[in-house]
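The structures considered in this document are given below.
Shared chain: subunit A. Partners: subunit B in the first complex, subunit C in the second.
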Partner chain A sequence: MIRAATPYLAAFRARWRTTMRYRAAALAGFVTQCWWGVINIMIYAAFYHGAHDAAGTAPLGLHQTVTYVWIMQGTLALMPWSCDPEIADAVRSGAVAHELLRPIDLWWWWSCRATARILGRLVPRALLIVAFAGLVLPLAGLGAWALRPPASLPDAALFALSILMGLALSASIVVLLNIVTVRTLSPAGGSAVITPLALILSGNLLPLALFPGAVQTLLILQPFAGLGDLPCRFWLGTLHGGRAILALGQQAAWIAALTLIGRAALRRALHRLEIQGG
Partner chain B sequence: MPSFPARIVVEDLRKSYRVATRPPGSRAGLAAWLPSRRPWRTIAALRGVTFTIEPGTITGLIGPNGAGKSTVIKILSGILRPESGRVTVGGLVPWAQRLRHVGRIGVVFGQRSQLWWDLPVDDGFALLRDIYRVPPPLYRTRRTRLVETLRLADFLDQPVRQLSLGQRMRAELAAALLHAPPLLILDEPTIGLDAPSKLAIRAFIRDLNRQDGTTILLTTHDMHDIEALAERVIVIGDGRVLADSPFETLRATTLSGRRLIASFDGPPPTLALPEGVTRLPATGQTLALDFDPARIAAPDLIGLLTQAGGSAAPSPLADVTITRPSIEDVISRFYEHHAPGP
Partner chain C sequence: MNGFALWRRYARASLSGQMRYPGAFLMQMAGHLATTLMGFAAIWVLFHRFGTVRGWTVGQVALFYGLVNIQFALTETIGYGFERFGDDFLRTGAFDRLLLRPRWTVLQLLGHQFRLRPLARLAQGAAILALGLALTPVRPLPFTLPMMLWAIAGGVAFFLGVLIGQAALSFRTIESLEIVNVLTYGGVEAGQYPFDLYARWFRRLMTYAIPLGAVSYEPMLAIMGRSPHPMAATLAPAAGFAFLAIMLLYWQVAVRRHASTGS
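Coming up: the complex of A and B.
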């Protein structure tokens, strides 16, 4: 079992090490996301203060929205931004056929690489944002703008589980983007479609709870909710009992579906590669 | 030691590619919108290639650009599927049993790196150890030996992108051998290398074959690679095997001729040349002759030159050189001779 997993763990470790080396990128991302988070919060604060009549009926209170914004900024690296840049280079140079020279299952290989890359980008940025929004802001007397801790310990555990599932989901989307790149020979198209979809439908631009009530069910069932909105709801403690199980279940179902789709698509793409040459 | 005899059997291998053609010009760009126009063209890359390679041998695969060498290499590596024909490498069909097959071959492409660009060489090796599931004690022994013989110690901790081409090729060779494959496929391993690096790579390949019994198949455009390494040469041209013989046989049959260059202390004599000798354009006081040693022996031809007394004031013969055709000459004549018809 361990022996079977050796190559994939190695891929994970190697990619994690390389990604963690990009300190400057992580710091720059951190600064940008703090800036963006603060602006977001100012806009929400203005809206909430302007709508006194809706204060009691709003699906999320202002401080919940503020926490939501900080979690979203902290987990921005969880979004499937693009295909693996190394795969894109290999596609351009034709070296991608050489991926077939390794005695490995390519879907697992790519998936482990993607997971490591996302995690390597996520961890430093998330820790910095939590430190800034959860510690620095309250100490600076800006407690109203700060990230609040999870609603309870079980909610925190569910949040962690949901984020891990979001990681697997994001990695399986990245593998799909890799496959699209292999088929279309360009990394641009897939990202151009997926990035805006992910940003809007994950709740990154606007918490999904603030969308019109009529589309709430659809919004919660679509796959991108698992990249941010569902983990946030666990953190805020608004998902309990049956709804919590449904949320985790939908994440697991989408991971399974995208894995099956990805494996089938990869098989077809590789078959074509074997026919037409690299 | 190789764990299985890497016998390669290739029978009547055929492969063609479909390429999209696009007529030039802006009007053609518009025509591409019409659904009926789908200008595909089929290009035959291999038109029936057959050969067998015995374990423990070194075989050179040569041919002009576009002849089909790379297609053969890719099919044998398991990354390309032929249209028809039978291929087995050590009993496995490369593309059908790919995962098992690629675990027991090593492949080096001179033009492309298989190591990870951003990783230090040694990290790349460790990754390969895990990919090929090499037990750690075996890995340590092999790595130590390869680092020594390929002189990698100085740059093991450098990322691959910082290596010179010569260093990178040595690292690539080591990377292809960490799992001790019984078959090593080399696609232009010396391309772009300087002379000392080429010599080092050749010596390493020869030793690998002699000491470990590794079967080696290499393609190259450098005929010195072939001369130094290959016991046997398969010439591929236009998708077919044009010749398959020991290198000396190829040289002997293709161009048995010799060239004689004679310099005189004065204008060269005008001679009545015997059968089988042709005079080449030469300048000044030299005379260049191509001759067939089977029809006239070299001493006889020189004798003819020294006794060129027929003319009024013969210039004395100063120097004579006889050359065999260069390997490049042999091969380019061979390619010309077998050039595809119109």
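Coming up: the complex of A and C.
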């Protein structure tokens, strides 16, 4: 069992170490996301302050929306931005044939690599954002713009669990993007479709709770909610009891479904693989 | 061959290159159109819930949104060479080849790629602008049309200036500086809303130090007939050209100091 897992753990470790080397990129991402967060918070504050009666009936208060914005900025690296860039290079050069020579299960191999890369990009950025939005801003007297801590300890634990499921979900989407790259021979197309969907449907652009009431159920059930919105709801403490179980259940169900789809698609893609270059 | 004819030839070569992978290209266009449309959908949802923001209606915000997206989309079609400069030209040493050719480096980089993908953003920007014009009363056409074109020109100059500045900075870092995204993508994000929603320090920074407000917010106020200083607002897009000129000077200085990476 342990021996069987060794190559996958090695792939994970190698990828994690490579990604963690890019400190300047992490710092740049951090500054960009702080900037983004500040712009968004000013816009939300203007909307909330302008309309007192509408703000009173809004499903999220202003400070909850502000916290939501910071969590989303901190976990931006969790989004399935693109396929694995090394796989894209391998497809372009034809080196993807080497992947077939390894005595491993390719889906798990790619999935471990994707998980490690997302995690390696996520951890430094998330820590920096939490430090900035949770500590620096309140100390600077900007408490109204700050990230507030989770509602309670159990909520924090559920948030962590939900983020981990989001990580698995994101990795399984990245593997699907790898497969699309293998099929279309270009990495650009797949991510051009998935990234915008992920940004809006995860709540990154706008908290899902602020969408019209009629589409709420649909929004909570779709897979991308698990990449950000559901973890945020746990942090804010708005999911309890049955709804909490439902949220975690929907995340698990989508991970299982995307894994099965990914494995089947990978089998088909390898069955009729085109190698370009030479 | 004059500079413009040469640039057109560059553009043709780049267009046929992009059509080599039609499947990926179509998905890219569809995705890009979806991204940008969703940006406005999010604004629509906010207005649906809150009604107005500081007295602005959704139609007025559509005007700001459309303008800044058109400006940035046009810049992206021609400015990609600068956006990718650090990674694709400096680190690889490809820039040394450009220096050997008897043409201005800026012209060659403008011709590096004529991208079709931003046309999706352009299309939706134009559509949202048209929606805004249908919903909002503006000044008569003989003023609005030239003013709009002047503002677009100023905006393209501004965003191109940002990309050229990014490229010039990368002579120091030997990689494309993602931090400049706060002015490109972040600029589009900020320019989509009227500037009076923002804190005063932010508004001043983004109007006087970095003339985004001068090429988007101020001219659009003039078009709506709401500007407190109509004359200044009419002239404001010139700040975009001044910004571009400064960045071009900076570029020239940086190129003169360039020492190859040697790879």
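Here is the rule we use: the second predicted complex is superposed on the first by the 273 of 278 C-alpha atoms of A that agree within 3 Å, B and C clash if a C-alpha of one lies under 4 Å from a C-alpha of the other, contacts with A are read in each partner's own complex, and residues count from 1 in each chain.
Throughout what follows, contacts are C-beta pairs under 8 Å (C-beta built on N, C-alpha and C of every residue); 3 or more make two chains touch, one makes a residue touch a chain.
Everything numeric in this text was worked out from a predicted model, so none of it was measured.
After overlaying the two complexes on the shared chain, residue contacts for A:Arg3 are found with subunit B alone; subunit C is out of touch. Judged by the touch definition given at the top, the superposed model places A:Ser93 against subunit B, while subunit C stays out of reach. In the superposition on chain A, A:Leu62 makes contact with neither subunit B nor subunit C. By the touch criterion stated above, A:Ile104 is placed in contact with subunit B alone, subunit C being left untouched. Looking at the superposition, the partner that touches the larger set of subunit A residues, subunit B or subunit C, turns out to be C.
In the superposition on chain A, A:Gln276 makes contact with subunit B only, while subunit C stays out of contact range. Look at A:Val130: by the touch rule set out above, it reaches neither subunit B nor subunit C.
Judged by the touch definition given at the top, the superposed model places A:Leu246 against neither subunit B nor subunit C. Shared-chain residue A:Leu161: touches no atom of subunit B or subunit C. No residue of subunit A lies in contact with both subunit B in one complex and subunit C in the other. Interface residues of subunit A facing subunit C in the complex, by the touch rule stated above, are 24-25, 28-29, 31-32, 35-36, 38-40, 42-43, 46-48, 50-51, 54-55, 58, 184-197, 199-200, 205-206, 210-212. Residues 3, 6-7, 9-11, 14, 17-18, 86, 93-95, 97-98, 100-105, 271, 273-278 of subunit A touch subunit B in their complex. Against subunit A, in their complex, subunit B makes its touches with residues 17-18, 71, 74, 77-81, 95, 98-100, 102-103, 107, 109, 112-114, 116-119, 123, 126-127, 129-133. The touching residues of subunit C, counted against subunit A in their complex, run 21, 23-32, 34-35, 38-39, 41-42, 45-46, 48-55, 117, 173, 175, 177-179, 181-182, 186, 189-190, 193, 197-199, 202.
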